[in-house]
Amino acid sequence: MIRLQLQLELSYTVLAPGAEFFFFFHAANTSHQRVIDENLVISQPDAAWQLQESDCMGQRCLRLGAQPGPLTVRYTAGVEMRHHVADPAQIPEVPVCDIPHDVLQYIYPSRYCQSDRLYNFAGGLFGGLPRGYSRAKAICDWVGQHVTFRSNSSDGTTSAVDTLIERVGVCRDFAHLMIALCRAVNMPARFVTGTDFGADPKMGPPDFHAYVEVYLGGRWYLFDPSRTAIPMGMMRMATGRDAADVAFATIFGSVYSDQPRILVVAGEDAEAGWEFPEHTDQAVSTA
Amino acid sequence: MIRLQLQLELSYTVLAPGAEFFFFFHAANTSHQRVIDENLVISQPDAAWQLQESDCMGQRCLRLGAQPGPLTVRYTAGVEMRHHVADPAQIPEVPVCDIPHDVLQYIYPSRYCQSDRLYNFAGGLFGGLPRGYSRAKAICDWVGQHVTFRSNSSDGTTSAVDTLIERVGVCRDFAHLMIALCRAVNMPARFVTGTDFGADPKMGPPDFHAYVEVYLGGRWYLFDPSRTAIPMGMMRMATGRDAADVAFATIFGSVYSDQPRILVVAGEDAEAGWEFPEHTDQAVSTA
Amino acid sequence: MIRLQLQLELSYTVLAPGAEFFFFFHAANTSHQRVIDENLVISQPDAAWQLQESDCMGQRCLRLGAQPGPLTVRYTAGVEMRHHVADPAQIPEVPVCDIPHDVLQYIYPSRYCQSDRLYNFAGGLFGGLPRGYSRAKAICDWVGQHVTFRSNSSDGTTSAVDTLIERVGVCRDFAHLMIALCRAVNMPARFVTGTDFGADPKMGPPDFHAYVEVYLGGRWYLFDPSRTAIPMGMMRMATGRDAADVAFATIFGSVYSDQPRILVVAGEDAEAGWEFPEHTDQAVSTA
Amino acid sequence: MIRLQLQLELSYTVLAPGAEFFFFFHAANTSHQRVIDENLVISQPDAAWQLQESDCMGQRCLRLGAQPGPLTVRYTAGVEMRHHVADPAQIPEVPVCDIPHDVLQYIYPSRYCQSDRLYNFAGGLFGGLPRGYSRAKAICDWVGQHVTFRSNSSDGTTSAVDTLIERVGVCRDFAHLMIALCRAVNMPARFVTGTDFGADPKMGPPDFHAYVEVYLGGRWYLFDPSRTAIPMGMMRMATGRDAADVAFATIFGSVYSDQPRILVVAGEDAEAGWEFPEHTDQAVSTA
C-alpha cells in the first residue's frame, strides 16, 4: 500500500464580478485509491461553491463563483493506493468487437488527439507488433524517445499532431500523442491528471501531471510517456478523453492566476505496511 | 404529431476477414420520438451482431462482424414524433454555474469543434448579444449566411476551424462550426445525426443529415445551420460531442462502400392526427 | 523630406563554435529612401562578416560568423526619405493580366500567408468592392478592426490562418493576414520590415516593425494594418514574400539572444526642409 | 545525350468573360536542356497571349486571356538534354555561410514546405549523418519509404506537415516533404515541375511530375522522392520554392478543366548519340 499526502494552494486575483471556476484537483476515489482525509479552505467567505461527483469515475468537480479580489484555494488530502499489479506478458488487447460500450468513446478522436489523421503513421510503426500490453508499452516508449521535454514549449491549443511534427512538449503533450497513437491502432486510451511524484527537482517545483491509461485485458493500465514521474506515486485526480475534459482549472471571467503550489509526500512506515513508490517493470492499474 | 417512415439500405463489399462495423442508424427513442415498428435485415446469415443502447440518450449502436463478400444491411423504422414547441422569446440561456454536470462536456472543445481557438472571434461577434435562444439563433443564421453548401467540398478530417477559414462545406461542417461558436460563448451545444427530410431534390437523393442542439432553458433545442432540411421532419438517430462520436458507420477493416440509399416519408392523415412537417419560427426540441 | 536617425544594438551570447547570423537590419536604399551615413560596429574583432546587397530591392543582408562568447552588434544610420504621395481616389488596381512578371510572386501564397485557403472568405468580404486603392485600404482597416494587438500572443509559426481564427497578434501577424487577404483577391502584396516610429510608448520600447506594401497603379503603396506606427516615419529595412524571407535575424547555431535596443529620431529643421512624420490620408509609397 | 519529344493538350471550357491563365508548361532552356523545336497552338484565334521568360531560370510563363467557350491549348517540343553526372561520394554540402545570395531563399520555409516546424524532427533523423550528397539521398529515401503514393489522396492545400502526419500523397506531396526536411537541416532545396517519363502505366496515363533539386557542391542535383519516374527522362518545365510558384496552370475566372493529355517519347538513335533514359546511381543535374 502507498500512502500519499497532498498539499495544494491555488492563488488568483479576480478582476471582475461573475467569475466562475471549475476545478478538478480533488483526489479521486476509485477501487484502488481511497481518500482517507481531506480539507478544503476557500479564502473568500462568501464564495458560492459546490462539489459534484461524476457517476462512474470517482472524480469530483469543484465549481466556485468568486468575488473580485484575491482568492486562495487550499486543499489537502491523504490517500491510500493499492495498485493492481500484473505481469505485462499476460495482458492481452481487447478486440474492437469486445470493447465495452462505455469504453468506446476512448477509441474515437478528440480535440487534442486526432487519431483519425494518424492511421497510416501508427499502423506503419505499430500495426505489425504483437498484440498486448507490450504494444501499448512500445507506443509509450516511442513517444518518450522521440519527443523532448521542454517547459513552456507548448500552449493550450497544442495537439498530438503538433507534437508529432515539432517533437517537443510538456507532460500533457506526451500524453496526447500517446493517446492519439493508441487510438489510431484501435486501443482505447484516455487522459489522466494527477501529481508528478518523483519528478526531478531540476525540472522545477512539484506540479500537476498528465499521463495515460490504456484499456487492456479488461482494465485500465497506467503509462507515463513523459517519464517524468514515478507511476506508483501519481495520485489520480481526474480522467477524460483529453485535456479538454479535465483541465485542473477552467476559468470563466477575468482572472489573474499565480503559479499553483503543490506538495506531495509519500508516507514510509513499514509497520503500517506503507511502501515508498518505486519504478517497476510490472503493469500497474488504479482504475 | 408527426409520423415518419424510414427505409435505409447500406451496401458494402468486405474485402478481408475480420471486418467490424459500428453503426448509428437506428431511430432513437427519446421522450419526444418513439419507434413504433422497425425491422433489420442483414444479408450475411452468419454475421455476428449485437445492438447496444446507450444509457441516457436513447440511441443504439449496432455492432456487426462480417465475412468477406457482399454485405447489405436494410433497416426500416416507423416513428412518431411529438416535438416540444416553445416561444423563442421565452427561452433563456443557462448560466455557466447552473449547467448540469452531465451537460458540461458539451461546452468543452472536441475533435472537430475547437471552441478554445474561437473565444475572441465568437466573443466579438456574439458576445454582446442579448442572452437567450435568440443568440443561438444568431449564431445559426451567421453560419448559414457565411458558409456555402457544396457537396464533396470537405472530408473526414475537416473541422470547424477549417470551415471558418474556407467558408464551404456540407451539413456536418455547418454543424461543427455552429457548435464550436456556441461553446466559445459558453453555450452547451452538441451534434445530432438523422435524415434530411425536406431537402431540395436538386441537391441529390435523400441522405443522412447532421444538425445541432443547444442547451437552453434546461432543454436541448434543435438548429439546422445548413438550412437544408425541415427541422420538424428530421428523425433523430444519434447524439454526440461531434461527428467523431456518432458517425453513421465506423468501419474497421478492408471494406468497399457503396452510396447509402435512404428514403423518409411523412405520413399525412388528419384523422389520425398526423401533421406534415413544416418550417416553423417556434423553438423546437426533441430531447 | 523626412530625416531619420537610427541607433540599433543587438546583444547575443554565442554558446558554441560555428554560429552564423543572417541579419536584415540595414536601412534600405530605394528611389525614395537614401542612406546618408551609417556605421556598423561588431564587438568580436575576429568575426567574419560580409554585407550582400540584393539586386533590385536595395536591401542588404549582413552575414556574420561569430565566436563563442558575448557578441554585440551596433548599427547607426541616417536616412532621408522623400515619399511618393498620391491621391487615393486616383490609384487603380492592376488587372491580373498586367501584373509585371517580377511582381507575380506576390500574388502567390507563401509560408505565413495562405491566400489559397481564403478565396471564399476574402471574395465574400472584399470581392464586391470597387477596384482601386480603396479596396486595399478596406482590407487594411478590416484587419485593424478585427484583430487585437497583444504582445507575445503569437510565435514564429503563427500564420495568417491562425490570426484569422484567433483574432489576436503582433504587427507581424496583422501584416501576414492583410497580405493573405490581398492576394486572395489577386492584389499583389508583400511584407516589409522597418522600425515602428511613432508607436505608443505604453506598448513598450521602440521596436522593429512589420507592415505591408500593395502593388497598385504600377507602384508599391504602404499600409500599416496594426496601426501602431506612423507610416511616414517607418524606415525600410527589407522586403519579402513574408516573414520567412526577411527576419531581422536568422540564427544558425546555439545562441542566447537579449532584447534588441532600438532608437529612431526624426530630425526637425524647417530651414533644411525636414518635416516631422505625421499621419496622412494620402497614399504613400517608398518603393 | 537524351532526346525527348513532348506532346501536350490542355482542354478547358471558359464559362464567363475575363478568364486569365498563367501556364508553366513550356520546356525550360537551361545549360543542360535545350529546346530544339516547339510549337504552340491556341484554339481561340482572338485569345490574347504572351510568353514571358524569367531572368535566370530559363523557364517561361504563358499568360493567356480567353473568351467564353471551349479552349484547347496544344504544345509540342523537342528537347536535348545533356545531364551533368557526378560521383555522389564526391559531392559536398555547402555550409550555410557559403550559400550564394540568390540560393538563400531556398532554405527558408514556404507555403507548402514549413521547414521551421521540422527542425527537431529533421535534426533527430538526419542531423547526425555525414554531410554531403548522401544526406540528401537519405532524406529522399526516407520520404519514399515512409509515404505511400495514392492518386487523389491530397488536394491543393496539402502541405509537407500534412504529408508527414498522414503519410500518403502524390508526387507533389513527396516533393514538398523532402524539400521541407532538407531546408530544416539547412540544405537549400527547391521544387521542379516536368513530366513523369518512365512512370508505371498502371498508375495511369503520362502526367505532369513534381520533383526536387538540392543545392550541393555548388550545383542543383535532382531527386525524385516519389520514385515514380526515371530522373534522366524528366523534362524540366519550371522551378520554384514550392508548388505555389509553378503550378502548371493557374486559372483566374470561371473555367471548367478537362484532364490534360501528355505524351513524352524518348528518341533512340545510337548514331545520333541519343541514349535512352535509364535509372542511375550517379548524381544527376540539369541546372
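First chain written, first letter: the chains are A, B, C and D, and each begins at residue 1.
Rule of thumb we're sticking to: a contact is a pair of C-beta atoms (placed from the backbone, for glycine too) under 8 Å apart; a residue touches a chain by one contact, two chains touch by 3 or more.
Keep in mind that what you see is a predicted model, and the values were worked out from it rather than measured.
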Any chain that touches chain C and chain B: none
Equivalent interface positions on chain C and chain D, same or different at half: same
Chain of greatest Cα-centre distance to chain B: C
Between chain B and chain D, centroid-to-centroid distance (C-alpha), Å: 44
For chain C paired with chain D, centre-to-centre distance based on mean C-alpha positions, whole Å: 32
Whole-Å separation of chain centres (CA-atom averages), chain A against chain D: 47
Junction residues of chain D - those touching two or more other chains: 117
Every chain pair meeting the contact rule: A-B, A-D, B-C, C-D
Interface residues, chain B side, partner chain A - complex: 20, 22, 48, 52, 54, 61, 63, 65, 96-97, 101, 104-105, 108-111, 113-114, 116-117, 156-157, 186, 244-245, 252
Complex contact set, residues of chain C against chain B: 117-118, 120-121, 124, 146, 148, 161, 164-168
